[in-house]
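There are structures below to look over.
Note that subunit A is present in both complexes that follow, paired respectively with subunit B and with subunit C.
Coming up: the complex of A and B.
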């Protein structure tokens, strides 16, 4: 565990460099007493301001003729010790305040956090100065001051995270398992806080060393003749012009320490932050990488959208995750094709691959063509693709809140969507069009809704806005990815009605992606069923639902309950999906299939049949060959 | 008549909202209003409704995660208010909707499952180990699962762990709060089958919260339909949607998609504003047969002709 963690930090080269610097400095500090250095406090006025390598002083001597190397190393020891201790104290007290306030809430939270707010109301260094002024100068008092000043940072960070954890289901579950408050706090909450506290610590300790040095520099920290980095800098300041080495040397040391700590701290943060757990943040390209071997086949010019032999994989580890394998379908205006599958079947990646919206890296389109009105989109330059996205091919997603801008009104976002593709539109035209779009999605009071922000709207209302956005540029194709999954049934019905009317009245081609066969049955003309990245069956909706040909389609139908069916519990499909990085050579469903025999696993199974029904099953082929 | 294992009487819960401004009065959001239900031993009792109808708040009050404002809960004939939290949770347990979110990410499955054995049942290490082996077998998980962390499991497996945790308290009643909504249909059916087996094996009573009519119809014996914090209909699961007596139940049953049917949708229809609840019946604005009486008088749940309980002024006029 620790080794893996260290490896993850050191993968970041800068963090490794920081760790190296720190190791060197701490190493020097540890061996200082055994180096046989001269006493750092012995004054020898004859040697004042000796330069480095002069008279036996390795780094020269200061204004009282004291050995700078000796003072520097002893001073670094002191500065590091004081800074670290202050940081530990601040982390301990601050975290304790944060944990108690976040976990118990209510009056205790008010009391603790308002006190912390009071601390924060004073400028940092002024507060530290005030504390030292009250306690009197001295290294110990400087340490106390720096610790107090930094308590709010820890308290606020830790409180925020504690609050989220305390409200989580797993805390409620542990409470129901019989844990009392104290036991919950110690055994369920605190273990989840370590990473936050460590990150906060590693990113602030450098700052605290600087603050301690600052107080010493002002003469409020370490008292003469004791040396620390701040006081050395303060003493050297008077001779800054005439003898710069007396201040440059301690200055450099501070620089090296703080830089080392900060680089390492950033590395620790990156390694511990769950959002960055899958490696450092990568900038993804605006379009999915296309690496097709050989010359792509010419595209079909008959249909509006023609996807042929599309394969998309994610290159993360040694074995690529093959998310979409050889998927083909076509779609015309006014038609609705449903792509049905469970999570991990590749239905969403298929949809996003069409306009190259899958993040690269790690995604790569390895084969296939997407023909739109006779042009292969993967061969076109990026500008063409960008222009088609949103304008000719629009998307609707499951959670419209994630695609709507939280700080812009609905009207502003609709206008923006239209202006991006046609900059000549004037304000009154935009307004008129926005209102008519909202009327298209059956919003009763469009003027009022135009002025609203997305968060103020209900889920159903937001999804209507999502549809209006998709319609803004009169697209030829709309790809709706689970558009009703997050909605209640009565609202779902309203949204389905809108989508169905739009495709019939406006002649838009609709690709409707869903896991729910019952929903799909109501809106689609054709259904493509996906399993483990492949289409396993495709045909007219009624035929597929009433006479399913592929065993997976049959099993899926038997496992989805319907009201009024009266057949008791739905029938489960045993087992689970195969891993996308370790797919079987033959039929991917064979392991869960009741009909499977040895030939199913022998070799890859092709999608066979005619346009009215295509099936990827050896058994079906044998029976209907 | 057999004494019900769960008796809920006039249960009410509201939540204080943040003030809009410094001087504005604090508004209260009424999540559950005057709900009364009896649930018999061994029954699978469904509670259905759309988001915001108060079904989860009701469920959380039953296990003690929320304290009711007023009203009473009797568990096995005893007033829940007189029980300690531990006593209560030995009788009634809870399974959450989000399988991964209800397992502490820093704990191994063994640690998670040991908690109820040690704190609720006070077992020693040897007895606890024996229980663990048995429960994994019951929820069909391999023994290796014990030493793994929650993130190593799929949604369906994580839900099996949650169910195991609830079972280890040896409760009489388990509240299942949308236990299969986050799962794929094939896995959903696996979990439903498992729950049905466990109910027979351990003689459990289930309170099954869901928004999915088809699942509730297939899984439950009786169903309560909630709308805007109130129970509007209680009836047998096999007839409630086919012969809906309350217009809201009817609306739900007709909008739920069925294979081979077209789309049926209301032209308009949203929930009333919970901070400014309407006078009279909360459903009247969406109701096709509302009359004058609905504007002034909120109908109460009463026993109708066919044995179902309905809260509608016009329910029996057919």
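Coming up: the complex of A and C.
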């Protein structure tokens, strides 16, 4: 455990460098007494301000002729010892306060945390000064001051984590079973606090060394003849201009130490704080990366939208997660194509891939074309694609609470959708159009809604705004990704009706993505069923619903509440999707299929049939030629 | 909104009271009595007793606190014995200098820090990001007092671009250009660490925001990337950067102590250090209280700014 942790830190090159710096400095400190250096406090006025390498002084001498190298090493020892001690004291007391407050809660928590709040109301250098003012100048007092000032940081962090642990079901159960508080604290709570304490320690120890050095620099810390790095720097300041070496040397030492600590501390935090770990905190670029091998095939010029051989994968680990595999379909104005599948089947990624909206990294489009009116979108420059987004191809997303900007008014977001594609539009025009868009989606009081923020509206209202935004530029294609999933049944029906009207009246091509065949049956002309990133069945809605050909489609229908075959109770599909980084060579559904035989898993199963009905199943192929 | 402002202001009253209690109590705990300190070694017991009575020091602590608080509310912070003048006069005279110094440093750290963070986040793992990340690391590791000294050596002594110390030229000067000429170096030295902290926070806040769903919505609308970054992502990230800015305000306000010493800037920080060294308790008390109160007030402003930016908070 310890070894693995250390390895994880050192894998980070910078952290390793920091650790190296610190090892070097501490090593020097440890051997200082055995180096045979001159006494750091011996005054020799004749050697005042000797330069480095002059008269046998390796780093020169200070204003009293004392050997700087010797003073530097002894001073470093002192600074490190004081800084670390202060950090340990702060960690100990702060964590104790945090644990008590978090674990016992109630009055004790109130009292402790109010006090901590008041301490934090002081800027902390100021508080340290006030404490030194009380205790009087001196290194010990500076140490105490710096430790006290950092207690609140530990207390707060530790309390937060303790609170979570103390409220966990596990602790509640243990309490009920009669275990005492002390035993729970020592054996269940404290062992889980190490990482937060270590992270807090690594964040603050550098500051504490800086702060003690600072107090000494001001003359409030170590008093002569004793001197740490801060007071060396403070003494050197008097001769800064005439003899800079007396201040540069200790200053650089402080810098090196703190830099080492910060480098190592960053490594420690990355290793301990999973939220900051690589991958989760990556920038997403404006367009999905496209890495296709070879020349892409020419696109179909007949249909409005033609997706051919599309494959998208997520490159996270060694094995890419293949989310979309060789998906093809086409769509014309006024049509509605539904893409159906369980969550994780690749339907959303397919939808987002069309205009390159899958977050990259880690997503990569590895093959296929998206033809829009005969042009391959992946071959066009980004600006062409960007201009099509929202103007010709618009999206409606699932959860409008997170997909609408929380800090911008509805009106501003609607106006932006329009002005992005026509900068000449003036404010009054934008306003008028926004109102009529809201009326189109049957919002009763558009003026009022325009000034509202999304959080203040109901889910159904928000979804209508999402639809209004998609309609803003009269697009040719609308891609709706689970647009009704977050809504209750009546609102769902209203939203479906709005969408259906729109495509019939305005001739919009609609791609409707859902896990729910029930919803899909109310609106779509054709249905494509997806499983493990592939289309497994595709055909006219009625045919697919009434005569499902693929075993997965049948299972999906049986699991759907109302249109389930035979009207019996919905029957959930056993098992789960295959892992997208370890897909089987043959049929991906084989593990869950009741009809599976050996040939199913032998080799890849192709999508077969005519344009009106395609199925990816060995059995179906055998029966229908 | 108006109600919230009142509420927020009221909520800070206990904190302000807490501050007065802490300042009063810890400084009353100081060993040795002020009368002896004031009268020096010539003090006779009778003189000390008379002065103690005069200063009200012979009464119980709680009573003394309320007397002190009453005076405080009338703007009376007591008298500095080392300077032989009312503490409040000294503070007000010096506060301007500190406010100018830390004010500029605060503006610098906010603007540059956020800018660096945004650039860094949008070019993640690119050259600009690496350069910024490295500079930030150096910036937060260098002691500001040491940095200040090195700046004096290089920019004032070697290059002779700016004066090494003070706030105005001794002869002539006194106008705004003269002030800026003196101010630029100390303010920069003071701002470096805070800028680094702000840049770090802004970078990670931006990276987090750029992953959120509404950013994808903006892109799906066809909004230009530059606008996605500024209007959509930064607008949202600012809300979580603001508290960090509040903390940095405290940092530049109190960290000014070092800079005022290094650059001989006539501000409150230098006054405080001198007061601590001469054990001028009244002056320390007044100075600490004044700076802490400014910090509390500033944080109220930060809270209100947050409310103004995030309509979800005010409900």
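The definition used in the following text is that the second predicted complex is superposed on the first by the 511 of 625 C-alpha atoms of A that agree within 3 Å, B and C clash if a C-alpha of one lies under 4 Å from a C-alpha of the other, contacts with A are read in each partner's own complex, and residues count from 1 in each chain.
Quick note on the criterion: contacts are C-beta pairs under 8 Å (C-beta built on N, C-alpha and C of every residue); 3 or more make two chains touch, one makes a residue touch a chain.
Note that the structure is predicted; figures quoted are calculated from it, not measured.
**Q** Kindly classify A:489 by the partners it touches after superposition: subunit B alone (first), subunit C alone (second), both, or neither?
**A** A:489 sits against subunit B, while subunit C stays out of touch.
**Q** Of the partners subunit B and subunit C, which touch A:125 in the superposed model: first, second, both, neither?
**A** The answer is second: A:125 touches subunit C but not subunit B.
**Q** Go through the superposed model and pick first if A:177 touches only subunit B, second if only subunit C, both, or neither.
**A** first
**Q** State whether A:521 touches subunit B only (first), subunit C only (second), both chains, or neither.
**A** first
**Q** Considering only the touch criterion stated at the top, classify A:500 as touching first (subunit B), second (subunit C), both, or neither.
**A** It touches subunit B, and subunit C stays clear.
**Q** Mind working out whether A:417 is in touch with subunit B, subunit C, both or neither, as first, second, both or neither?
**A** Only subunit C; A:417 stays clear of subunit B.
**Q** Which positions of subunit A touch subunit C when the two form their complex?
**A** Touch list, subunit A to subunit C: 114, 117-119, 121-126, 129-134, 136-137, 206, 210, 213-214, 217-220, 233, 237, 240-241, 244, 247-248, 251, 254-255, 258-259, 262-263, 266, 276, 281-284, 286, 352, 355, 357, 359, 386-391, 394-395, 397, 399, 402-408, 416-417, 420-421, 453, 455-456, 469.
**Q** Would you tell me which residues of subunit A are touching subunit B in their complex?
**A** Answer in residue numbers: 168-179, 183, 188, 191-192, 342-343, 442, 444, 458-460, 488-494, 496-497, 500, 515-519, 521-523, 542, 545-546, 555-556, 559-574, 576.
**Q** If we count contacts the way the header does, which residues on subunit B are in touch with subunit A in the complex?
**A** Listed in rising order, the residues of subunit B that touch subunit A are 50-51, 63-65, 85-86, 89, 93-94, 96, 98, 101-107, 115-116, 118-120, 154, 156, 162, 165-166, 169, 184-190, 192-193, 196, 211-215, 217-219, 238, 241-242, 251-253, 255-271.
**Q** Help me check something: in the complex, which residues belonging to subunit C touch subunit A?
**A** 14-15, 18-19, 22-23, 26-27, 29-31, 121-122, 124, 137-138, 140-143, 145-146, 149-150, 152-153, 157, 164, 204, 207-208, 210-225, 227-228, 231-232, 235-236, 239, 250-251, 253-255, 257-258, 261-262, 272-273, 275-277, 279, 281, 284, 288, 291-292, 295-296, 299, 309-312
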